[in-house]
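Two complexes, one shared chain (chain A), two partners (chain B, chain C).
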Partner chain A sequence: MKDSLYLAWRYLRHHRAKTLLLVLSLSVFLGLPLVMRAMSRATQQSLLARAEATPLLLGKKGSSLDLVVEALYFQLKGAEPITEADVDAIHATGLALGIPIRTGLMARGFPLVGTSLDYFPFRRLRIAEGRGLAMIGDCILGAEAAKTLELGPGDTLLTSPSTLFDLAGVYPLKLQVVGVLEPTYGPDDKAVFVDVKTAWVAEGLGHGHQDLALAGPDVVLKRNEGTVTANAKLVQYNEITESNVDSFHFHGDPSGYPVSAAIVVPHDEKAGVLLRGRFVDAPTRQLVRPSQVVDSLNKQIFRFERVLQIVVWTVGLATAVMFVLVMVLSWRLRAEELRTMTRLGCSRWKAAQIMGSEIALMVGASVLIAGLFGIVMAQYGETWLQNLILRGS
Partner chain B sequence: MWKGARAGTVVMVTALIPIVLGCSKEADPDRAPGSQETDSPTIYTVNYPLRYFAERMAPAGVRVVFPVSEGMDPAFWKPSAGAVRAYQAASLILLNGAGYARWTRYSTLPQARMVVTADGCRDGYLRTEQSVRHQHGPEGAHAHAELAFTTWLDLRLAACQASRIRDALIERVPNAKDSISAGFESLERDLLDLDERLQIVGNALGDQPLLGSHPVYPYLANAYGLSIQSLHLEPDQELSDDDWKTIDAILKQDRAKWMLWEAPPLEATEAGLLERGVTPIVFDPAGQTPSKGDFLSVMQANADRLECAAGVKLCP
Partner chain C sequence: MLGYIRQPVISLRDVGFEYAKGGFSLDVPELTVPSGARAAAIGPSGSGKTTLLNLISGIERPRSGEVSTAGVRVDRLSPAARRSFRITTIGFVFQEFLLLEYLDVLDNILYPYRLHPELRLDASVRSRARRLASDLGLASLLNRRPSELSQGERQRIAIARALVTAPKLILADEPTGSLDPATKKQALDLLFEQCDARSTTLLMVTHDHGLLEQFAQIVDVEALGPTEA
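This part shows the complex of A and B:
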């Protein structure tokens, strides 16, 4: 047996090109269904795990998938916002904890997520380096964001302008990086977390500027009793520091400020049922169970996977037929070689063993390549496919 | 060669196991930032009156902390990140409401553990007459908020704030409900006794105008029918010529006989006021921990002085 394997190995080495072609064809045939299955299961599990960990989600009435995608995965889908008053109303019911989520802005390619302090224990996020949020202007980086941007506590990070060519728009806000989160292998790793008030400042809803009472005449346009009107020379701060934090303020009632969604964490099951009942006929709001939304998304993925499987098996069958054909033709071409082996005293059984060993080695190599490819895809393909699905939906 | 083939098989089987089982990665369920629960509940307050109320009701083992050091006005205190983290770690954070403690607007605090004690205790908050930027003490220049925030000077409102603290305490320490309720009843009695005394003072003073050295008395005036015109004077600072001119102008319009001060004014200020027929009366709002006594004794002393001025009680 050992001799047969040796001869088969030498033969395959001698005909490298043919062997490589056959091994690769077989690898694709064996690997594709394996990879597809692994990736699909991993993605479904990952999507479902985050959704199941989020009991309820409050948002504006509309596409529930958009709402879930925006609030859970921080993908910019532009769902209509609700207001901070909605989050306060959830608290006021005494039935649940409301955690605001404000998305929409980016910071050097990573989503800026405005939320409350309650988000971190809720998602079981731990600080790896630095400290948690304390003041407006502070930000905490997800593990991957910190690694990619090469930033850590003490560094600063600029928010990206919402519109590049809008000169009159909101200027970027310089955020103080105060902490980095431990990796969670989920969307939190790629996010930049700030207090929801910081997100509003970054959006231009709140601002800080030099003291008008102390401003010179070149800055003041009009000074009436109790009212000072400044001109465009008024210095507005683009960074929140300990010395100017006191000057930051919001015009109007912050309870009317936008929040993309609110994670609703009922105190118990009964509270959850009561809350859901209250939103059944709500005209402008929806309270969804993310697990149901993601489950329906998963069913779509599963259907798509089945169609793909049929295609893959068809291609696989063609590959198998081609493999058999190549082997049969190869044996015909090697008829003279086999006759020589018989003349040298090799039995027919031994010749069959050598041929069988060749097939076994090629199939073995193909399984190994397909297995390794499967591991790589299971490791990194999940995020890739998740992004592909979420961005494409 | 055979060894190589065997090794390949082992690698292949090992490689396939995670695919079959699936690679699951989850964060360890552990404590999160800002959620450090200590063994005994800790209550953080933003001013001294709330600390006093909480201490009167808190069962044994509950720690009440008011971290603003003496000499600082808690309304305009600027905490460090470390101080904010201490608040974040508390089991309960008692806020006053009416925009008191401006720092809470720009700090990140856990909403689920915050109780705004004065919210909902009355239809709306009172507003200060004006907002002028000025400087006193180590916290630097500031302007008073548009909303008046010394809510506890209306003793009925203070009792309402105390009731909010009682509810929050019972929610967190339900097995100490009886002792918390008993503590509240005793505190409520003390506050309502004071309220009664100040009502009598208000009735006795009637429409007689008073001056207030600082715009911290709107709730006192509103609750007890006092007519107080506020200025922006500091007891530990000498009054400027402009200040005296302002006082003279006000006195021309309203012949006020008394002026309320947060602390005893400088001797020169007192003499100047007496010359103009105005008697300074100390009415300490007790926003900060008093150097002597407690909230109740400070308020009783305030009431004593007003009763003396109004002729309700004989002066010592």
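This part shows the complex of A and C:
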């Protein structure tokens, strides 16, 4: 057997290009269906797990999938917002806890998520480094965001401008990184968490500037009773610090400010049923069960996966036929070699063993490559596929 | 023909052979080649020279008669036993060399050892193969591929491959047919020298009557029996 393997190895090594092509084709044939299936299952389970951990979700009436994708996975879909008053109303029912979720802005490529302190114990998020949110302007980084941005407590992080070329638009806000979360291997790892008020400031709904009472005449255009009008020389703060935090304020009633959605955590099952009943006929709001929405998404994925598997198996079959054809043609081309073997006294069994060893080596290498591919995909594929599905949904 | 007192390595008696498809038959009333002899098989194309080698080596089985090679009745052996006998007892040199391009020179020489479990490839065999390669002027070419070598060098590899198992008999089927005269002489000298040094019997098919002086025994295949059925 050792000799057969040796001869097979030398033959395959000599015909590197052909061998490589066959091995790669076989790897795809062997690996793709398994990897697709495993990834799809893992993704479905992962999506469902997060959805099932979120009892109810309140949002503007419209696509429930967009709402879930935005509030649970922080993928920017631009669902119509509700208001802080809706979150307060949930609290006021005494039936549930309302956790606001405000998404829409980014910070160096990671979604900025405005929420309340209740979010962290609700998701069982633990601080790995630093501390929790204490004042507006603070931010906590998910594990992957911290690792990618190479930031930790004590560092600062600028929000990304929403309109790069609009000089009159909202300027980036410099956030103080006060903590880093332990990894959860979910969307929370790739988020930058701030208090919802900080998110509003970052959006330009709140702001801080120098005290107008102390401002000189070169800044103040006019003073009326209770109203001071300043010109562009007024210093606007782009960072919230202990010394200027008191100058930050909101104009108007913050209860009318936007939140993308609210996670609703009923105190018990009955409370959940009651709340859902209240929103059945709500004209502009919807209260959805994320698990149902994701389940329906998973069914779509499953259907898509079945179609994809048929395609993959068809391609696989073609690959297998090609492999057999190449091997048969190769042996026909090697008829002289086989004849020499026979004339020298090699048995048919030995000749078959040598040819079999060539196939075994190629299949072995293909299984190895498919296995490595599977390991890599198991490591990164789920996230990749999740992003693909959520962004494409 | 000279009178030999040595034990014959090749002995055919009342052999009748014809291919299953018909169209060709060979009868050999009697043929003996003694041990250590150098014999040539001659005859026109289609006279059955290669068939004779195939009968002696057990590649073909006679319809009737006795074929004894190196003291073994090959006509009585099973196909598997004939193959086993062939690779352990006989060395072949072919006109087209039939070397493997994916193996280097040393591996080509050792090729028979990769084909049969009875031939054990160990350090002493490797050492013998290197010595043989050195004797045939191949020492510096051991890591080269056949395509990188000249025709003469390739034929020397084929000779080394035939000799490496220390066979009792070498069957050479027009081994110099594709060589130029100078290379042919060199290859034959080496083949004769190696066979003589090992007392190995040589039966060589040739069309070159100029070579016949160098053989102790000449077998005219055409004179043995009918060639057309």
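Basically, the second predicted complex is superposed on the first by the 389 of 393 C-alpha atoms of A that agree within 3 Å, B and C clash if a C-alpha of one lies under 4 Å from a C-alpha of the other, contacts with A are read in each partner's own complex, and residues count from 1 in each chain.
Quick note on the criterion: contacts are C-beta pairs under 8 Å (C-beta built on N, C-alpha and C of every residue); 3 or more make two chains touch, one makes a residue touch a chain.
A quick note: this is a predicted structure, and the numbers were derived from the prediction, not measured.
Applying the document's definition of touch, where does A:Val220 land relative to chain B and chain C: first, second, both, or neither?
neither
Is A:Gly132 in contact with chain B, with chain C, with both, or with neither (first, second, both, neither)?
The first partner, chain B, only.
Scan A:Arg13 for contacts with chain B and chain C and give back first, second, both or neither.
After superposition on chain A, A:Arg13 lies in contact with chain C alone.
Between chain B (first) and chain C (second), which, if any, makes contact with A:Glu182: first, second, both or neither?
first
Should A:Leu205 be classified as contacting the first partner (chain B), the second (chain C), both, or neither?
A:Leu205 sits against neither chain B nor chain C.
So, A:Arg124: does it touch chain B (first), chain C (second), both, or neither?
The first partner, chain B, only.
State whether A:Met322 touches chain B only (first), chain C only (second), both chains, or neither.
A:Met322 sits against neither chain B nor chain C.
Thinking of the overlay built on chain A, is A:Ser347 touched by chain B (first), by chain C (second), by both, or by neither?
After superposition on chain A, A:Ser347 lies in contact with chain C alone.
Applying the document's definition of touch, where does A:Leu24 land relative to chain B and chain C: first, second, both, or neither?
After superposition on chain A, A:Leu24 lies in contact with neither partner.
Per the overlay, which chain contacts more chain A residues, chain B or chain C?
The larger set of chain A residues in touch belongs to B.
Can you give me the overlap between the chain B contact set and the chain C contact set on chain A?
On chain A, the overlap between the chain B and chain C contacts is residues 6.
Write out the stretch or stretches of chain A touching chain C in their complex.
3-4, 6-7, 10-11, 13-15, 336-337, 340-347, 350
Show me the residue ranges of chain B that touch chain A in the complex, using the header's touch definition.
Chain B reaches chain A through residues 1-2, 5, 8-9, 11-12, 15-16, 18-19, 22-35, 78, 81, 84-85, 88, 102, 105-112, 130-133, 141-143.
Please output the residues of chain C touching chain A within their complex, sorted ascending.
Touching chain A: residues 57, 59, 80, 83-88, 90, 92, 94, 98, 100-103, 107, 111-116, 121 of chain C.
Help me check something: in the complex, which residues belonging to chain A touch chain B?
Going by the criterion above, the answer is residues 2, 5-6, 9, 34, 38, 41-42, 45, 49, 91, 97-98, 116-118, 120-127, 131-136, 138, 178-179, 182-186, 195, 197, 211, 213-214, 226, 240, 242, 245-246, 248-249, 361, 364-365, 367-368, 371-372, 374-375, 378-379.
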